[in-house]
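Both complexes shown next keep chain A, but they swap its partner, so chain B is in the first and chain C is in the second.
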Partner chain A sequence: MLELKNLTVHYGHKRVVHDVSLTLAPGQMLGLAGESGSGKSTVAMSVLRLLPKTARVEGEVLLDGEDVRTMSWGRLRAVRWASASIVFQGAMHSLNPVRRVGEQIAEPMRLHSTPGSVAELLEQVELPREKARAYPHELSGGQKQRVMIAMALACGPRLVIADEPTTALDVVVQAQVLAVLTRLVAEQDLGLLMISHDLSVLAQTCEDLAVMQGGELVERGRTHEVIANPRHPHTAALTAAFPVIGAPQHRWTEPAPAPQPLLRVRDLVVDYGRTRAVDGVDLTIGRGEIVALVGQSGSGKTTLARTIMGLRKPSSGRVIFDGAEVAAKGRALKAFRRQVQLVLQDPSSALNPRHRVFDAVAEGLRVHGVDGDHEALVTAAVERAELRPASLYLDALPHELSGGQQQRVVIAGALVLQPRLLVADEPVASLDASVRGEVVALLLRLRAELGLASLLITHDLGLAWQIADRVAVMHQGKIVEQGPVEQVLLTPSHDYTRALLRAVPQV
Partner chain B sequence: MRLAGRIGGAALSLLMVAVLGFFLFRVVPGDPVVSMTRGRPTTEALQAELRAQFGLDRPLHEQFWSYFTSLLQGDLGTSFTFRRPVSEVILERLGPTVLLVGTATLIAVLLGLWLGVRAAWRRDSAFDRVTTGVSLTLWAVPTFWLGMLLMMVTGDLFPSRGMRDTDTPPDFLSQALDVGHHLVLPSVTLVAVVCAEYALVMRSSLLEEMHAPYLTTARAKGLRDDLVRRRHAVPNAVLPAITLVFLRFGLVVAGAITTETVFSWPGLGLLFYDALTGPDYFLLQGLLVVTAGAVVVMNLLADVLHGVLDPRVKVV
Partner chain C sequence: MSVFSRLGERRAGFLAHRAGVAGAVVLAVAALVSLLAPLFVPADALDVTRVTADAWQPPGAGHWLGTDHTGRSVALLMVQGTGTSLFVGLTAAVLSVGIGTLVGVVSGHFGGLLAGALLRVTDFFLVLPALVLAIALSTVLPRGLGTIILAIGLTSWPSTARMVRAQTLTIEARPFVERARALGGGHAHVIGRHVLPSVVPLVLVNATLAVASAIVAESTLAFLGLGDPTRISWGAMLHQAQLHGAVPQRAWWFLLPPGLAIVVVVLAFTLVGRALEAVVTPKR
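Let's turn to the complex of A and B:
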């Protein structure tokens, strides 16, 4: 049904896809794995000839035996969506923000004169039919993704391409969306080409797996065989990068005796208007301890972290740091903030694109009026974050660095103030698998060398298993379960923890 | 709630305008009584009487209070030069200005947005370069200079003074044609000035949307290029442009004052210019309150309209 023969794509002199050949039969589910820049999305876009004009495409892209590259514009438009459709990463910006989702689903049906109803399509993806009248911003990430799926199925295509369909969704919603997608594909006997950087997601959905690296196809085979016996080192690295909960080789830290408390949160309540975001939370972080705060999006974990950092006033309750109540304002609050530093999820947006690394790291020193040799302090912090030698990086602008390097700059910016607690909000979620492990290891080393405690906010239970000492599970503003990692993740006592664990895709 | 806040803000702006209008024009050099009686022999006593008649002999704060209280009752005072109520004079001149500003704004909006969309969609094409270059030039050119230049270039093709000829037959069609004929030069001048900005804003706004992922979705669905533009790109890109159209209504008003003066168009702009030479305090105050009021109302409309056009903004 879909056949790629020696597909090669150039942008100018840069080759992004090199000699890729793939076939996909009706009813087959093929996973295409690779890191950012591996060329996997370019392959997907070439199927419907959606690449920008600057792309030079060579080889053949056969859709039902017809070469997409040589089709007339009219024929191409007729083929688009009717023969093959794409589920984009809709939770982000793939839906038009000013049009109702119902209209957007109906649009290709009118265009290709396909019979059918929006209400039925919405029912197929388990959304109430009233949602047709909603605008994208009124829907949650998972609901938007269901809309994207409904839209992709609107014209009864035989091939569906899903490009990172569940990235940016939390585990529970991800599991639901994947279930809907695979059920529909199986029911309607469609071919599915699923693209993801997350091998565990592909392993759970697709029988066949192809792995790309640097524009080339490095491995292809039955999913379980590829994962069990990877022939290419890159496949092996990808497989190893996703921690398996419960596997001793993926547990990188030793349980330590209960340390002295550094931060104590007592009966904390935070209200947003009438909504209670944080509902009576008790949490303790010891000196040098790594505590993972896990839960779905909207569970209140980020609000809790912001309140702990003094960025938001609690409605009631106390935050005690190093034996003293955290001040609400003034110099005392500023002094407290110096000791608690934040690392955000997406380093590319956390860094000012016009600030060089030196300025980005030195900013904290300036804000807090730290005396001393800024250059020496910045160099030390950058090297601590394992950008060595620092002199290579100090003058760089963020866009000249890779994602992993950017995140190290963010971490250096926190370290330069010699904090005692690091609040890390999904610190590795936007990083590629191969880089992820290095950044995780860095956090552990910082704890060992500096005695730095961390509050790790994540929906990634695998990350918690890798490096946390204790886990706190948050659900609807409450901490429903907390304890040592082994206890909570291996013998969970709360139903919600069990539900979270069930949703985690396993390689 | 939000709408109520906006209306409150608009009311506050109007209040500031009323206060500012009173004091601003007292600083304008000149003595209205001297201008009023220019060319006629007057005694000190007569001048004093005139002053008393218009209340100009009273302390400033009393004058302000009487102006302010009558303003609240809708009374804008009496013009020195016309010897008639200010509101009457303004109302009489309102028609020509609304005609000029309305025509020019309508043309400028349609033309500017169209130019901007086309230029952005075919970025770096000859059309884009010419549009952008011409727009930037027109934007930088002083209005009065452009008006005079147009007058010289077109020669006798279009009338360049006033709104109608005296010898036109009185039937409606001939009158309308005559006014239309007179309207050409002033409206072209005004369009040239404001249209350029709309075109530039529309262009940059659409350029920002050009790489939005939802446009890829639309293309993947099989939409023709012009449908992708019309149905998806423009409805998003036009939002900031529409807001700007209303926000920059002040620019149009300022342009209208200059244009009307250059072409002797008998509207509020020319009246403003004439009133300044007095200075005719009450007329100036009245004009300021009316025009500033229009700008404030337009700003309010911009807010409301943005809420209607963009579902992400909640109005009420």
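Let's turn to the complex of A and C:
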């Protein structure tokens, strides 16, 4: 149905896709894996000729035997959506916020004058038909993604391209969306080209797998064969980067004897207006201990972290750090913040785009009026975060660095104040698989060298398995289960923990 | 080194806007003329009691742009008026943009009751007809250049305040501000290191556009006879022309030059402002 022959795409002199050949039959699910910049999205966009004018496309893109590259404009418009459609990544940005989702689903049907009903499409993606009258902001992330899928199916295409359809969704919702996609492919005999940086998602859903690196197709075959015996080192690296819960080789840390408590949270309650985001949480973090706080989005884990940092006021309850209650404001709070540092999820937005690395790292020193040689302190922190030699990076602006390097700068900015606790909110969620492992290892090494305790907030149970000593599972504002990693993840006692574990895609 | 290279890039970006460059050239000439005015204009050339030429002389060899109702050279009046118009325009714009930035950043950063109160005040000034308020102010306050500047500055800041507030709110929502707070940074730190640097480029663009409207406002007030009677400005020349019957005299040379000069300088400021806007706004 879809056949790519020697597809090559240039932007100016830069070759982003080189000599890619792929075929896809009806009813087949093909996964296209690769890291950012590997050219996987460019391949997807070239199928519907959606690349910008500056792109030079060579080779053949055959859709039902017809070359998309040479189609007339009118023919191309007829083919778009009616023969092949796309589920774009980032459902939150791809929907028009001021129109009802029903109208948006109906839009391609109106343009192509295809019969059909929005209600039926919503049923296919397992949404109640009343949701057609909802605006995007009234839907959750998973519901929006289903709306996108319904939209892609509106004109009855035979080929659907899903570009990172589950990125930014938590594991439970991700599993639901993947189930919907799998069922639709089977029922309607669709061809599905699924693009993702997450090999485990593709392994879960697709029977065939292609791996791209640097614009080239490095491996392709049946999924289980590719995963079991990767022939290309890049595939092997990608497979190894995704931790398998329960596998001893993916457990990078030794359980430590119960340490002295550093931070204690007692019966903490946080309300947002009438919603109770955190509902009576007790949590202890020991000196040098890594505690993972896991849960779905909306479970209150980020609010809990913000409250621990003193960025939100609790409605009731106490936060005790090193034996003393954390002050609500003033000098005492400032002193506390020197000890506890925050590492945010998306390093590109956690750094001021106008500040050079040196200024970003030295910010904490300036805030706290630390005496001494700032240059030496910053250099030491940057090198601790494994950006070596520091002199290469100090003058760089954030956009000149890769995602992994940016995250190291954020970590260096935290380290420069010699904190005792690091609160890390999804520290590796936005990083590529190969970089992810390095940053995870860095966190572990900092614990070993500096005795740095960490609170890891994540929906990624694999990350918890890799480095945490203890896990706390949060659900609807409450901690439903906590204990040593092996106990919670291997022999869960609470239903919610089991549901979370079931939803984790397996490589 | 790299800071300079970035400035260099911006300069190159600005030079790519031809209209902006043309505007900048016009402004440079106007600034030069106003600075060198004392050299062009002999001390007693504009003294009504000492002029020798006849009134209402059309443009000719002796007087490039003719003479006014008292026999003064219109060309010299124009040169003398350049400085006043530019000075009033610039200072009034600085005043208005200054108030606007302060109100915008404070209401955007602190929020709460203070922001509510400031916003209501902004709304109040926004709905007031600026010209009427300026006229009222200049009749109440003693007549002079300071009054004009104050009247223009006090009536034109609300739009800047609105814009700066919006920009402040978007910056405050960015994670790097949260990181700065988590580091222990207080209000001064967040405003000084993060908010102001991102607001300043916008404010500069807004300031060039504000100068243009301030010049128009000054001319309007002067034309209505509310200007400083001891100073020559382009608006004041128009006022004189209208008062002493330049139209029945068919003395187009007394009406056209100040009118055209206002249009050209205002246009130049607008062109420069638009070009700057295109340079400092990140490309999408």
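A few points about this structure:
Following the convention adopted for this analysis, the second predicted complex is superposed on the first by the 505 of 507 C-alpha atoms of A that agree within 3 Å, B and C clash if a C-alpha of one lies under 4 Å from a C-alpha of the other, contacts with A are read in each partner's own complex, and residues count from 1 in each chain.
Here is the rule we use: contacts are C-beta pairs under 8 Å (C-beta built on N, C-alpha and C of every residue); 3 or more make two chains touch, one makes a residue touch a chain.
A quick note: this is a predicted structure, and the numbers were derived from the prediction, not measured.
Partners chain B and chain C, brought together by superposition on chain A, clash.
In the superposition on chain A, A:Arg264 contacts neither chain B nor chain C. Residue contacts after overlaying the shared chain place A:Arg276 against neither chain B nor chain C. Legend: residue contacts after superposition of the two complexes on their common chain; A:Val410 is shown touching chain C, with no touch to chain B. By the touch criterion defined above, A:Arg312 lies against neither chain B nor chain C after alignment on the C-alpha atoms of chain A. Of the two partner chains placed by the overlay, neither chain B nor chain C lies in contact with A:Arg69.
When both complexes are overlaid on chain A, the residue A:Pro108 reaches chain B alone and has no touch with chain C.
Of 134-142, 152-160 or 242-250, the chain C stretch that intrudes into chain B once chain A is superposed is 134-142 (criterion: clashing C-alpha atoms).
The residues of chain A shared by its contacts with chain B and with chain C come to none at all.
Partner chain A is touched in their complex by these residues of chain C: 2, 174-176, 178-186, 189, 193-194, 197-198. For chain A in complex with chain B, the touching residues are 45, 48, 50, 76-82, 85-86, 88-89, 92-99, 107-108, 111-112, 135, 137, 151.
Touching chain A in their complex are the following residues of chain B: 212-214, 216-224, 231-232, 235-236, 239, 309-312.
On the side of chain A, the complex with chain C involves touching residues 309, 311, 333-334, 337-338, 341-342, 344-346, 349-352, 354-355, 363-364, 366-368, 395, 410, 413, 417.
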